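Multiple structures are listed underneath, in structure tokens.
Paired with subunit B in one complex and with subunit C in the other, subunit A is shared by the two complexes that follow.
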Partner chain A sequence: MLYRESGQYKTSYIADQAIFPIREDRIGMAIIGLVALAIPFFASDFFLNAIMTPFLILSLAAIGLNILTGYAGQLSLGTGAFMGVGAYSCYKLTSIFPDVNIIILVMISGLFSAGIGVMFGLPSLRIKGLYLAVTTLAAQFFLEWCFIRIPWLYNYNASGAIEVPERRGFGDIILTGPSASAMTQYFVVLAIVVVVTLAVKNIVRGRIGRQWMMIRDMDIAAELMGVRPLTAKLSAFAVSSYLSGVAGAMFIFFYLGAAEPSAFSITLSFQILFMVILGGLGSLVGSFFGAAFIWGLPIVLRAGFPALGLNVGAEVIFHIAQMVVGALIIFFLITEPHGLARLWQIGKEKLRVWPFPYA
Partner chain B sequence: MRLHTLTAGAFALALTAGAALPVQAEDSVYIQLPTYRTGPFAGSGIHIANGMSDYLKMLNERDGGINGVKLTIEECETGYDTQKGVECYEQAKAKGTLVFNPWSTGITLQVIPKASVDKIPVLSMAYGLSAASDGETFPWVFNPPMTYWDGASGVIKYIGEQEGGLDKLAGKKIGYIFLDAGYGREPIPLLENLAKEYGFEMVQYPVPGKEMQNQASQWLNVRRDKPDYMVMWGWGAMNPTAVKEATKIRYPMDKFIGVWWAGGEDDARAGGAEAKGYKTLNFNLVGADLPAFEDIRKHVVDAGKSQTAPANVGENLYNRGVLNAMLMSEAIRIAQEKTGKTVITSEDMRIGLENLVIDEARLEAIGLPGFIAPLNVTCANHSGTTKMYISEWDGEKWVKASDWFEPMTDKVAPLLVSAAEEYKASNAPWPARSEPCAN
Partner chain C sequence: MDILYAILVDPFVQMVELPDFFLQVLWEGFVAGVLYALIALGFVLIYKASGVFNFAQGIMVVFAGLTLVGLHEKGVPAYLALILTIGVMGLLALAVERFVMRPLVNQPDIILLMSTIGLTYFLVGFGEFVFGGEPKQMITTELGLPTGSTAFEIGDGGLLILQHIDIAAAVIAIIMVAVLAVFFNKTRIGRALRAVADDHQAALSVGISLNQIWAIVWFAAGIVALTTGIMWGARSDVSFALEIIAFKALPVLILGGFTSIPGAIVGGLIIGVGEKIGEIYWGPLVGGGIESWLAYMIALIFLLFRPQGLFGERIIERV
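On to the complex of A and B.
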């Protein structure tokens, strides 16, 4: 009743090929857009700084991994390290070119990550599945080693950490550093994430994305039909690492503010992987669901228990969050491998026939 | 796409719930304690967390807070993870914490630049950035009772004494085994300087964070290199592993000296009977004989208001937590005196910390006589350089193995100044100190 596309006729190919062909979806997106723009004017700094900004950044990282694992079928455990490559290259770039707008540098730093990603993607031409996961694991450990052992990367800082300097842009607005306002950083991150997500959406539903999915579903058949595994797989690695790199650079510059190499450890890789698994392999909206869930759950639990009047220790909440995520991952892997995104899709299909389930 | 709207709505709900929480009662002050009772560093973190919260709870129970102002304390689990640490910081800021104790060098580095903007003092008790003791550059950061560089100089001074004078160090080999993170790297510049000056050789054995529990290769190298002394900068699961490995290669334990953070009872116990003779730096007394500890037992632990096992009260790291809490409560008291208010703000707390003078009489008055060497934080010196001593493991407990002695301040101070300058330069534009020195 509410969500039904009957009566909406497409009279041109452009209308038929739109990202959101159904009017209700467009209305929904417009509302989400308005809410996203309005949030900073109502929300507290804590909500923006500690929830929204990292949620958006991690969503982008999850999209990055989803391209590789969900769309192209190449399992990767190196996301954290690729994020690190983005962060360290952005740090080096802004040290060398302090006057260039930091947003441009963030976008460029993804290219370094893409290059490294392609390099570590080369073995994917010969090995698959778990074996490939092991080589990406090697990338994770090797890159982390580089972050610790190459002092040039962190400008010979005595603590071995990178610290985000203050950078201004767009007529003297403070974009990074401790004095930057939560609202500015949120809008910058939102803009980058929206633009990049739209670009990725179009890649995914076009020729390149279809090649990835063919490779994922059956690589021999894809090859016989004229898809070149070399370009398809490596382009998936490149795009995926680019997104991870941009997310990593934003994670440091707009969220953490300073980082030790341990910020890009295997834990981060797993965190992103869980987001993708829970959210839904091969779905962009699923990446957002997964990120919101994994990032939001501990925060909601921490606010929720005292609100219910339960006095629970901080570490118990931490443990509960971990257990819930672990149980849900097993649950989803068994019953719904396509994750929250699939549930969302089922919900939409139910909604189409509501209130007449047999119509 | 409608779930998008739903999630956004749920967020908006969570937001209103979050906004409704930080309500402060009139006669209380809020302090968030970032702690870690989970993860690879929990072995050390649990005792610290217990010590901090027990002492503050005891003040609430015994005295009804500080000058009638109750302390609202809340723990925030960081797991020693920088991501979670920043989240805790944001929450602490939202709820108006008086002071932030990061309990991790990584998190300290992250919050240092934010402190002056958000007007929240950072109390990193004997950890974090050594250069932060320069109050002129870092008005919002405090690291009493001393810095890592003081500690490193103290170790060398002690080794020199054992050898019969610092001039006898020439040609000696001193091994340095450290956690390969900001924490373990912090003292390296000073040690390198001292090595040059006194002509000893420093051999580094970095232990990567995820290899903490597997140090076989490092200690194999130690066995090959045969350093005359071993110095350790370890934390969490790294310490017991190192002590165990050292006993395994039969390294002479009386020549193995850890920093104060490598001084947990559990750390030394891991080495069994052979760990006897293992030494660490220390700046607080071990044991629960002082009157304040009796009050903690009576009002908190025995009353069932604590997570502490009674046997842990008075252990080294527990006492370290108590010391951290005591520094906070004393700073609050001083801030109340200086400002004339009872319910102070985080800006008043900064004044309290900057005037943190704890002499023997005061220690006596709060039931902790001789607990630490007298402390004197000033506007210029935020570490209030005090004295340390060497603890020795006698197989069952820590015993005092040396007198209180001072670090090599003459060697450390110039380095601290230049490090602060360097920090300023690499983080330009660093704000100049605008806070007056309120004495």
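On to the complex of A and C.
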């Protein structure tokens, strides 16, 4: 009753091909949009800075990996490094062109990441499955090594880390750097994530996205039907790395503020892979769910133990949080291997027939 | 020209000029390779029997080592601690089979891979929670493992120093592979294991219990992990920083193929020796530290020519 598309007739192809063809979806999206816009006026700076902003950024990274793994079926363990490429190239760009708006530079830095992604995607034409996953580890460790050993990348800083300089834009608003306000950064990140996600949504439901899915479902059959594996796989690597690169640049410029090479270690890659798997392979909304879950769970656990009156050390909480995350991952894989996106779908189907149990 | 000389000629000149140093590097690489091979062996055991790519093998190595040292620290005698640790690995195998593998049977590969990464997280958290996060010293002497070293003279005045513990590691690895080979080929359970590896359903239909077999392979992998943990722990400290060696086993597997035990051994040795030689002779050209990724690059290049690994079964694809 609540979520029912009956009676909504489409009378033109444009209406039929809309992103959200169902009225309830449009209403839902409008509500989510309003909430996202309203959050900064009610939430504390801590909530914005430590939860919402990284959640949005990591969602974008998860979407990036989901393109590659969920849509095109190429398993990758190198997302963290591709994020690093975005971050370091954005840092170099803003050092060389300090006057260009940082948002433009963030969007451009994704291109460098895309280029490197395509390079490391080349083996995917010959290597498949788990074997490919290991070759992406080559990208991960090699790029991580570059971040440490090429001092040009971090402007020969003695610390070996990159520190985000202060950058202003849109008149005189401080966008990055230590004195930027949490609200500004949240809005910038929100805007980028929304725009990019909409673009990606249109890519995956169009011709290119369908090619990716054909390659994923059966690459040989796809090839026989006229999909070029070269373009399909490499375009997936390019788009995926572009998104990871943009996410990485934002991660540094709008969230961390400074970063050592270890920020882009394999741990980050795994974290994002978990977001994709738990959220649901091949689902954009799932990427958001997964990011919220993986990013939010340790925070909730850390806040939860003192709230329960258990007085334990920070380190012990960290260990327990890790145990719980591991156990929950296994639990979720067992109960719902298709991820949170599948639960969402089931929920929608239930709402459709509500209040009756069956249609 | 200078660059070409530095890349193509100079390293070999160094090798010939200082043969004792070269042999030392070779030996170090060999020992590292043996340990990589041992980790890879654990992977192969589980992959063969259940098709699960067990990412947690590296962590099981650390976990086993940590349990052993941790028990000893709590006042348990060394040999009793060893037996207890074997017991713990057995319990772990049972638990993994019951709570992870059995509910996930017949799921796609990537889901199984993910579940073992989840297991990795769990074991890291659990191990640090119980035994603390700081690095520990392996109880080498208490276990009766040899310490000290022997020096051989080579050529005119060159020295080759072999640590006894490294020799022991190599010997134990060889014994272990031999025992596993006998176990796989001559015993009833070993045959059942191979049957399961060949075809799950056919194995089920002739009355082999999959659950039992899986528990056994996880236990066997646990024993391999314990051995590796002791050997690796004796060379450096026991801590979860060793996690990184788990990743090194992946290129080894790729080289050897996921299903081949000899492949794991040969792959381990190639990677171990290759990365040591690369690091010592070519590393300085680009600023050192290339050990962290050289293994993956070697594996990548091999894969471009043989996508199924050196000893892997030929991949035949059908639509």
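Observations, loosely collected:
In this text, the second predicted complex is superposed on the first by the 349 of 359 C-alpha atoms of A that agree within 3 Å, B and C clash if a C-alpha of one lies under 4 Å from a C-alpha of the other, contacts with A are read in each partner's own complex, and residues count from 1 in each chain.
As a convention for this text, contacts are C-beta pairs under 8 Å (C-beta built on N, C-alpha and C of every residue); 3 or more make two chains touch, one makes a residue touch a chain.
Keep in mind that this is a model prediction, so the values were computed, not measured.
Residue contacts after overlaying the shared chain place A:I148 against subunit B and subunit C alike. Looking at the superposed arrangement, the partner reaching more residues of subunit A, out of subunit B and subunit C, is B.
Contacts of A:I57 after superposition on the shared chain: neither subunit B nor subunit C is touched.
In the superposition on chain A, A:G313 makes contact with subunit B only, while subunit C stays out of contact range.
After overlaying the two complexes on the shared chain, residue contacts for A:G326 are found with subunit C alone; subunit B is out of touch. In the superposed pair of complexes, A:L224 makes contact with subunit C only, with no contact to subunit B. When the two structures are aligned on the shared chain, A:R126 is found in touch with subunit C, with no touch to subunit B.
When the shared chain is aligned, subunit C comes close enough to touch A:P337, but subunit B does not.
Overlaid on A, the two complexes show subunit B and subunit C touching the same residues of subunit A, namely 148, 266, 315, 319. In the complex of the two chains, the subunit C residues touching subunit A come out as 53, 99-100, 103-104, 107-111, 113-115, 117-126, 128-129, 133, 247, 250-251, 253-254, 258, 286-290, 292-293, 296-297, 299-300, 303-304, 307-309, 317-319.
Against subunit A, in their complex, subunit B makes its touches with residues 1-5, 7-8, 11-12, 14-15, 17-19, 21, 35-38, 74-77, 79, 81-83, 86-87, 90-91, 93-94, 105-106, 109-110, 113-114, 116-118, 129, 180-182, 185-186, 188-189, 208-210, 307, 419, 426-429.
The part of subunit A that touches subunit B in the complex is made up of residues 3, 20, 24-25, 28-29, 31-32, 35-36, 39, 42-47, 49-52, 54, 148, 155, 157-161, 163-166, 177-179, 255-263, 265-268, 285, 288-289, 292, 296, 299-300, 303, 306-307, 313-315, 317-319, 344, 347-348, 351. Within the complex formed with subunit C, the residues of subunit A that make contact are 69, 75, 123, 126-131, 134-135, 137-138, 141-142, 144-145, 148-149, 218, 220-221, 224, 266, 270, 273-274, 277, 281, 315-316, 319-330, 333-334, 337.
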